[in-house]
């Protein structure tokens, strides 16, 4: 209770330091990220994979409207975890920033430059009064002159570069899986599989509509979102599809059973 | 009591995160939505249906003045639940936004674009200080090049796309009904019936003046509000009208009885 | 006491939501309306009637200075209940708004348009910080192309249209009377009588100086305030005048006695 | 104590509504008015009388510097009760307003117009944050085209018109006297006498220097402040002067006695 | 303790009214005045005298740097008591104001006008948020066309005119002395003596360096500060000088002993 | 608990003094610095060395993305400890400042000038409201006309010049080592070794990727960041490399064992 | 505890008066001054001496970077005690102010004018909200047309002129020494000695690098900072140097032993 009262004192009106040098509002914003469904990024030699969990509770909601993966520019995709409306603000910021770069320098913005512009923007909301921090983390994947890059931004406005990373709910479990199975020489396809399997660690089953996958191919340098069919293909190929979703001939065995799809 | 004190700490002056990463002011604004009379949206192959509950307590109030369904543009209608005055602000915002699009691009605004402009506007009120969030949810229905679209906005500024959805008071009961009876291949007329029956789940009776219905036909792409007579017709056709309201042959059961309908 | 503490938390500096989705400052502003002397509006086929209670405590105060009924434009009158100084601000706003409409479009503003401009203005004071809501409700009566309209605005900024309505002190009693006796086919004169009798329900006696009456005739479309003599005539005709006020020959019977005047 | 805590909650930073719809800061400002020495206004057929109590504690203070009666324009005088420095701000506002009217329309401002401009200004300080209400009430007396007018402004920004009124300390006692003795057909001289006698109700004695009298004659339409000699004359004529102050023949009764007057 | 808590509620962020209509911040600013060393003003037929107590604790401080008496314009001097840095702000304001008057109207500003400009400035700091009141009182002495004037300003922004007045520490004792010994027909020299003797009431001894004296002669209309020698002369003439300070021949008797100086 | 409550009082909204003259928010920001991984600066005759600890927890994070050492201008490098996002803001400020100097004066900015511009900027965030202090300390190393300079900035905005300094976690231990082993006549290479050994005091092992090293050579006056290979070389030369990282022939002895590298 | 709570009430957000008329934030800022190492000013016939204590804890810090003595203009030096970063802001202000004076009037600014400009600037931070007071005191020494002047500014913004003064830690002890030994007819050299000996009162030993000395010679009117060698000379001449620092021949006796240098 003492501790609680103490915390409250650092939550009023403006983001300020606690006696032990922490910014509680930023840490609470990180909690908002942890409340979000997970997103995963995997950097491979062949490009970057962004995977998002789009599971929804209501059968009447359009899963396509669960926006967690976005195209920021031709060569950059962004996945988010946390407060969806906050993510949209940052995506808009990223798109304008990328556009300005094209207009000004007549070339695509470097993924790292874009990431740091975004984190500088995020940082302002943690230091200057009159607003709260952004309650969202982003995975920014892209390709610069053939080189795949994968960055994370957190609510404090710190940029990190990763080989593979999970953000959001049950992040630790997914990250453990990634650390165990990641290899630097993955192909882009293997990267998609790794991401799907990592998500499978914390999901009883994966459905084509329940996940979103975006890739930025190192060769083409172009961001693409996979269609439900393409995702189904991946899931099928890698025996990740629950039976009910795999075709008419699905039998009643468990989801872990092996199934092949066309 | 502890929890209550804790909550209060996150409600002062500005919308800030609680230790578990929630934005209480946004959650309380959602409560304001739940206090509002229900609105229902149904997307069919033939178009989108918006249904609002306009029941009023006083017989001297003009039911037509209970504004819960609005035309945002020729091809877009908006229904609301929650704080009526807040809804009006967003409707005005939507109309200006749609108008600007016509002027600038000489074409109707896409329903999704309009929705996201609105949610971005809503989000600002949850992050920047000096104002409270909007205490209202909107159902935005429209037709883009023949394709019916139905979106929801909530007080956090998150856009969702739905096949069918209920917002406001007793939302869960109506939504259950929708989930059970919704079919993708509904006609627009069947959509109206579904919405009326869904509302009937939580209302003892439906009167023509007590509900408002707007439709956007997929073919014409035009928003229309049904007249009381047209609603009466629907209610009568589908035997949803309380006896007293159904025609000359009404018997003497209920107290409110004896009404004529041409 | 718990509840009280809880309420206090939502009353500081800015109008914010309570955990159950209410805006306490708006609700308290409604209490300010209930503390005001009552005003009544009645819409008839022949026009709109606005009646205000101008009773004052001191015999030395000029009853004419109790401003509760105002001309907003040639065809619109406004009656208020609640915080008088707040009402004046809104009246000024209404007059400017009506004037701008005439200048811009060369035609009188529609009563509904005027009402909604006012409610939008009121709503801003409930959402944006740095000011309190308006502690006043308005009855806006007018005639558009021969059609009588009667609107109410409340402190939340919601517009309602009414056939007949009472606001202010003992509103419920007056409203009950109106609901019981209102008929759609009232003449304007009958409307004045209905309003006077409704007020009589909660007043021991009515004096010409103690009430203010404004009418907007459907035919002429012109707002007129009745003189004391005209009010006396109405009161006399309808046997609503207390004896002492009816002329030199008043006898000492009770105020409910029947008296005729000229 | 409960009630006290409750009040405190409505006194912070901005003027807001209490649960029963009151504006405590405005009510406290009214207390500031009640703490001021009284001022009296009397409207007669012959013009308006403004009387102020200028009693001071120190014999070394110049009574003439106790500014409670002011000329706002040739035809308007203003008396105040309450916070003197606040009154000065409003007087300055009134003078500028009257001056602007003369420049713009080439005619003196109507007393009612001036009053309402002032009350609108006062109201702003009760609704918009960042300032406290004015802790002063004004009596505004003037003559419009031969017609005497007398208005009061209070800290809420409400204008009232009066035949006769007292504001400030012991207001109720003075007002009772006014109500008992006021007649509509008073001459201006009788109005001065009435005001002096009314003040005499709550003062042991009146001295020429201890009161200030301003009149606006209906015929000339000009504000005049009476000199000490003129006041002495009035007091003498009406036997309101304490003995010691009445002339050379003063006897040795009271302690404060022994005064000579040229 | 109750009362203390109550007071605290009215001291936050902005100067607001207490339930009994007081402005605590202004009253506390008056306490700051009472904490200052005293200043005295005396108006005589021959001009105005301003006397300030410049006693200091450290023998190494330059008494001349204790700024409590200032020239505002050729014909106006100002003495202060209270917060020295606040006084400086007001003196600067006064000087600019006097200078502007000379530039604009080519004549010296009237002492009363200057005083009221200053008090209006002070009042703003008691009503508008974002600043605290001035913790200082001023004595403004000057000569208008041969007429000596002496005004006081207090932290509320109220102007008073005085024949003789003391402000600051032990004000009451000094004021009592002034009231007892003041005569309207004093010469300027007698005014200086009166002020010195009044200060002597609360000081064991007066030294030339420990007091500051400014005079505005009615004939010349010019503000002059007395040199230490001139003050020593006055003190000596009027037997107010402590022995040790009177010259080389000072003996060791008590300070109350009588000494004459040249 | 008392003390805790007391502290809280000085942490609200704005950085203010505590009764003992401390600025808690600044002191808490210093705690944020202490929570950061350490950075070390060493000034030698041959130039300045900046060493940062880049250890990361996850094997999938790119150590190169841990930005703790930055080039501010050709001749200036900056290392940081504490809040990374805050550091980025100050680095941006420094770069702009250095750039402006080049544009304006056509010469590189003096290291001391740059440092003081940064500290003045930091100070503003400790005095003016509406923002929190920067939670970061910087080591600013550079060469002015051949002279090596090494400065530290802290969250209060105070600049210090050092011969050798450590900031961040376990600062005291590292500083003790520096104080014991620092010599003024170190070569740049010896400076790098000293910094590496000092960090080794608090780290079980140092890896090339786990540290970042920047040098500004006194002769060339140019900031250079060492590659992983160059760092490996240093670590190897000075027997600081853990066995596993030293090459294929590493044996299983302890990290303190002697190893030679090429 | 009561008193403590009471104090807290006056420390929030803005500098306001306590019930006894004190400004706590200003008094706390004075505590910040007392926490600083001492600075001493001595005014002699031959000029002004400024002495600062630059003792540092770490042998690796450059004592020259402890900035406590500054040149404000050719003829003015400033020493500070308290918050170093705050001092820098005021020094910058002083330099700009002096520069503007030279540009505008083509002559050096008077020391008193400069002082008062600075104190006026300081005062603003004690009255207007949104910032805290400056936590620093300054000693401003200079020469105007051959006349030495020595001023002090404190956190309230009050200017004082002194013959000799100490500020900062253990101020009272140093001031006692100054009061005992100060003579008006000191030469500049004797002034330096007095200042050094006064500091010696509270320091076990003085080292050339541990003190900073600035002088403004009355004849040349030029501010000069003494080099370490010059300070060593002074210390040696006056037998103030600890043995270890006096030269190669230092023996191991105590610091109080007498040593001569060159």
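Chains here go by letter, A, B, C, D, E, F and G, matching the order in which they are written, and residues are numbered from 1 within each.
The rule we apply is simple: a contact is a pair of C-beta atoms (placed from the backbone, for glycine too) under 8 Å apart; a residue touches a chain by one contact, two chains touch by 3 or more.
Chain-to-protein mapping (UniProt): A, B, C, D, E, F, G = Proteasome subunit alpha.
The structure displayed is predicted, hence computed values, not measured ones.
> So which chains count as neighbours of both chain B (Proteasome subunit alpha) and chain D (Proteasome subunit alpha)?
Of all the chains present, those in contact with both chain B (Proteasome subunit alpha) and chain D (Proteasome subunit alpha) are C.
> Starting at chain A (Proteasome subunit alpha), how many touch steps does it take at minimum to reach chain D (Proteasome subunit alpha)?
Minimum step count, chain A (Proteasome subunit alpha) to chain D (Proteasome subunit alpha): 3.
> Count of steps on the shortest touching-chain route from chain D (Proteasome subunit alpha) to chain F (Proteasome subunit alpha)?
3
> Degrees of rotation, nearest 5, to put the Cα trace of chain E (Proteasome subunit alpha) on chain G (Proteasome subunit alpha)?
Roughly 50 degrees of rotation.
> When chain C (Proteasome subunit alpha) touches chain D (Proteasome subunit alpha), do the two copies use mostly the same residue numbers, with over half shared, or different ones?
different
> State, to the nearest whole Å, the distance from the C-alpha centre of chain A (Proteasome subunit alpha) to the C-alpha centre of chain G (Proteasome subunit alpha).
Whole-Å distance between the two chain centres: 57.
> Where the centres are mean C-alpha positions, what is the separation of chain A (Proteasome subunit alpha) from chain B (Proteasome subunit alpha), in Å?
The mean C-alpha positions of chain A (Proteasome subunit alpha) and chain B (Proteasome subunit alpha) differ by 32 Å.
> Taking each chain's centre as its mean C-alpha position, how far apart are chain B (Proteasome subunit alpha) and chain G (Proteasome subunit alpha) in Å?
The separation of the two C-alpha centroids amounts to 71 Å.
> Going by the touch rule set out above, which residues of chain G (Proteasome subunit alpha) reach two or more other chains?
12-13, 129-130
> Chain contact topology under the given definition, line, ring, star, complete or other?
Graph shape here is a ring: one loop, exactly two partners per chain.
> Circling the ring from chain F (Proteasome subunit alpha) via chain G (Proteasome subunit alpha), which chains come up in turn?
One full turn from chain F (Proteasome subunit alpha) through chain G (Proteasome subunit alpha) gives F, G, E, D, C, B, A.
> Which residues of chain E (Proteasome subunit alpha) touch chain G (Proteasome subunit alpha) once you look at their complex with the stated criterion?
Chain E (Proteasome subunit alpha) residues touching chain G (Proteasome subunit alpha): 1, 4, 7-8, 11-13, 24-25, 28-35, 58-62, 64-67, 83-86, 88-89, 92, 125, 129-135.
> So in the complex, which bits of chain A (Proteasome subunit alpha) are touching chain F (Proteasome subunit alpha)?
Counting only chain A (Proteasome subunit alpha), the residues touching chain F (Proteasome subunit alpha) are 2, 6, 9-10, 12-23, 116, 119-120, 122-123, 126-130, 151, 156-165, 175, 178-179, 182.
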